[in-house]
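Shown below is the structure under consideration.
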Amino acid sequence: MKKWHWSLLALFSILILAACNPGDGSNENDSTEDNESAAEGVAELTFWSYVNPNQHDGQLLMDMVDEFNEANENIEITYEYIPHGEIDQQVSVAVAGGGLPDILMIDNPDHARYASMNVLEDITDKVQEWGEEAQYFEGPWASTIYEGKNYGVPFTTNALALFVNNDMLNEKGIEVPTTWDELTTASQQLTEGNTLGFSMSAISGPEGMFQFLPFLLSTGANYDQLDDPNAYRAMEFVTNMVDEGYMSRETLNWGQGEVASQFTAGNAAMMVNGPWMLPQVRNDAPDMDFSIALIPKDSEYASVLGGENLALPKGDHVEEAWTFLSWLSSKEQAMRFSEGSGQFSPRVDVSDELGWEGDPHLSVFLEAIDNAQPRGPHPAWNEIAEAIQNQVHNSITGISTPEEATEQAHQDVIEIIE
Amino acid sequence: MKRKLNPGYIYIFPAVLIMVLLIGYPLIYNISLSFKDVTLANLAGNDQPFVGFQNYIELFNHELFPVALKNTFLFTIGSIAFQFIIGFALALFFSMNFKLANFLRGLMMVSWLVPLTVTAMLFQFLLSPSVGLLNHIPIYFGWIEEPIAWLSLPEYAMWGIIITNIWIGVPFNMLLLATGLNNLPKDVYEAAAIDGATWIQRFRHITLPLLKPVIMIVMMLGFIYTFKVFDLVYVMTGGGPANSTQVLSTLSYQFSFQNFDFGLGASVANILFVILLIISIIYIKMTDEDEVAS
Amino acid sequence: MKHTFITKKSFWLNVIGVIIALVYLFPIYWMVITSFKTQSEIFQVPPTLFPKDFSLASYTGQLGAQLFGMVGNSFIIAFSAMVIVLLTAVPAAYALARYRMKLTGIIMLFFLVTQMLPATVVLAPLFISFEQLNVLNTYIAPILATTTLGIPFSVLILRPYFLSAPVALEEAALIDGASKFRAFFTIILPIVRPGIFVAGAISFLFAWGDLIFSLTFIRDQSLWPLTAGMYNAIGQYGVQYNFLMAFATISVIPVVVIFLSLQQHLVKGLTAGSVK
């Protein structure tokens, strides 16, 4: 079994090539089939969303899609749920093999990356004709723009804030902290037995970065200014919280959902999290008295924008997709989704009309959103987030000092950006 | 049997055909991808510049490559060694004739039946220092004083995943070895017993040599399935903390699907593949010699 | 096979066996019990060994309604994959064990090699192939994809069984005038039956546990198997552990039942094989 190893390998390769080549042609046939069904008068579109149809907001969004389908008899939109963690992979597979959706939900820091990859339709003209830009918050809107062109419309928006368990704070007579020093002191006082003072997600990658970034911004630095003399303070702060035992070391593996569960189970007196957690917190801990505050500051209050955008991947049905997108983004529909799901609309007029300023919880988030900065936008945001969170991990686990970790993060980010 | 076409090939043909069609193509696709500069922008089109070995050069110079390589081997060897030893011990134990042996052995297979994603999350839970039972129980008995943050400490995280994988893999080892044990010819043992051989002698001189083909298969399959591990690591730690659990498959995933650098991702997958290929060839050589010898 | 009385030794063996199994399966208990807890009890310190509020919420409601269809989908996919695997792998393993072929080594290598690529690497090319075969969004796609896990595995597992089956018996049957096929079915197959059970069961499980293939090749949620359905418990910002564990529990029960009943067949197969 020696020489014919190779001859057999060669044979296999020929077989494979023979098997695959005729197939390449049939790929085009597939797309003509799609056109034929369109020729019958109904354009069939797909909408990839990671809003879970088994949850309240997903159900609402599906109902809205159904309603749109009924009102538009020549457009049929199919709602397809793609789990959030699978979106990148599924889009890649669809780009390679065909079958990209006509409407795609994108987490806003990923928007620039998708736009730079040439898979999204430039809808600048349509957006201008639509003329609703003035109604949008600046941050969410900016996240849909890449190199001066519009590649989508924001769908929801949010920002992080501090959740505080009032019962625990009142018991110890502690005021809601507004600065890092106060946060550290309060955490120390609140840490007792199984309850830790503070919790936030420090998981690797973009999700952890989302939570770390407000602290970094608060020092006056940013992801691309890690050589700022104060940048290390953010790294030092989170490391210190873990070292002192005010924050669980497990936060290195916790997503924001686990952090919220820690909070509702009474294992953490305070946490950094977003408004999407409000229903879960109320549901899991119905008796808890909690309040929302801005994330305590180092030198300035800072928060980071989260939220979903909708984009139109390149395809044959951009016009119909835009009809849907502009309908879904209209004030009336945006208001309906916002009211029904409890998520913030990126439309100023919707937020105004819903009167959420009067709500003690929501008003703080509104304030946070107003001051929040977008992540990046940078097409390599994932890599940047990965690099910085790696160094956060190095610092928290003691592999490097906060100063060293920040310096290394700076070098890694520069390398990615250039 | 030296006629025109060996009839054996006819029996083999359907199995080979399916595999060639469904895996042969991905294999070639991936090899060609690794020599090109491919991002999401040109993943579909024909405009994929050929870059020679550039992806491989970039990979070999990447700081994470040696880390992932070392971690993959640590994970594989750690998992297999314990899976095999524990699996073998249990197979021997349950091969003793007692009433519940078969039932219990079947029951233990459950750990192998749970979907991998669930096992990963379940153990993330069990290993957690605050609510994890695998920390509370030893503390209760006073074996350890402080809970261990298995998955959050770079020096422990890999072992947390290895423990999980051992739990998953033991029944598989046990089942294959047990069926192998049951298939051993009983008369040899009876003869040995008559000759007054001790339990250990019988194990060393009869069981082990006779079981060798099965042991080889178990080790081999174990190696392949462990070496390409993805789901467990991806769910439990995502490669962290501080890349202490970054393995080749998660690195490939990160390059391809998070950074959209498909060429680089493919090159990692190919390295993983080549390592497994080399080990398989060694294995085939060994079994070949075996069959010639026997 | 001559233990008609319960000796002291076998009593203790039973006890030790039970203890081993209980300790080993504790995580399974934890999985089941978690599915009956509320989300906040799951994170309580110290953890509760038994739910304080025994909650059926994870099983009832919307999720419960979907479960039924998903169990059915999982069965269709796993069973079909198993059948295809056995139909192709058994003859292949037989031939690889029985026929002195020049290519035995390379074919063995081929089967080893084909299971070496991580699933994430084969996804895109498989997607392209299935698109061309026009089987996306059907059961066929995940069935075919999961047979690629089962076939090489089964061939490698079965070959030693065939190797250990005595050639003389088969030859004797042939001399007696039995056809090649009859000799195979009446003489060889019963001897290797335990191996076939193992190969079949494990191929079934490969397909049963598949997540990524179904998720990628099937968009229509009504065709999703249980494992893909688990994703409904995994939201963007976290996991609802009680729902997830409920899905896991449901996904494990049928398989445990199959395995325990198969255990009997395994024993029968073994005893049949040992009578020479």
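Every chain is named by a letter (A, B and C) in the order it is written, and numbering of its residues begins at 1.
Here, a residue touches a chain if its C-beta (ideal position, glycine included) is under 8 Å from a C-beta of that chain, and two chains touch if they have at least 3 such contacts.
It should be emphasised that the depicted structure is a prediction, and the values quoted were computed from it without experimental measurement.
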item: Dominant interface by contact count, named by its two chains; value: B-C
item: Farthest chain (mean CA position) relative to subunit C; value: A
item: Distance between the centres, which are taken as Cα means, of subunit C and subunit B, whole angstrom; value: 16
item: Subunit A and subunit B: spacing of chain centres that average the CA atoms, whole Å; value: 34
item: Where subunit A and subunit C are represented by their mean Cα positions, the distance between them in whole Å; value: 37
item: Sites on subunit A at which at least two other chains make contact; value: 1, 12, 20, 89, 92, 96, 98, 194, 262, 267
item: In subunit C, residues with contacts to at least two other chains; value: 42-46, 102-103, 105, 110, 120, 124-125, 128-129, 239, 241
item: Multi-partner residues of subunit B (each touching 2 or more other chains); value: 21, 24-25, 130-131, 256-257, 284, 288
item: Complex contact set, residues of subunit C against subunit A; value: 38-46, 62-63, 66, 102-103, 105-106, 110, 120, 123-125, 127-129, 131-132, 134, 136, 215-216, 219, 221, 231-232, 234-239, 241
item: For the subunit B and subunit C complex, residues of the former touching the latter; value: 1, 6-12, 14-16, 18-19, 21-27, 29-30, 90, 93-94, 96-119, 121-123, 125-126, 130-133, 136, 167, 170, 172, 175-176, 179-180, 182-183, 186, 213-214, 217, 220-221, 224-225, 227-228, 230-231, 249, 252-253, 256-257, 266, 269, 272-273, 276-277, 280-281, 283-284, 287-288
item: Touch list for subunit A against partner subunit B, complex; value: 1, 12-13, 15-17, 19-20, 88-89, 91-92, 95-96, 98, 113-114, 116-119, 194, 203-205, 248-253, 262, 267, 380, 382-383, 386, 389-390, 393-394, 396-397, 399
item: Interfacial residue positions of subunit C with respect to subunit B in the complex; value: 1, 3, 6, 10, 13-14, 16-18, 20-21, 24-28, 30-31, 34, 42-47, 84, 87-89, 91-92, 94-96, 98-103, 105, 107-122, 124-126, 128-129, 144-145, 147-148, 151-153, 155-157, 160-161, 163-164, 194-195, 198, 202, 205, 208-209, 211, 226-227, 230, 239, 241, 244-245, 247-248, 251-252, 255-256, 259-260, 262-263, 266-267, 270, 273-274
item: Subunit C partner contacts - residues on subunit A that touch it in the complex; value: 1, 4-5, 8, 12, 20, 23, 26-27, 30, 46, 50-55, 80-81, 83-86, 89-90, 92-94, 96-99, 194, 255-258, 260-262, 264-267, 274, 276-277, 280, 283-285
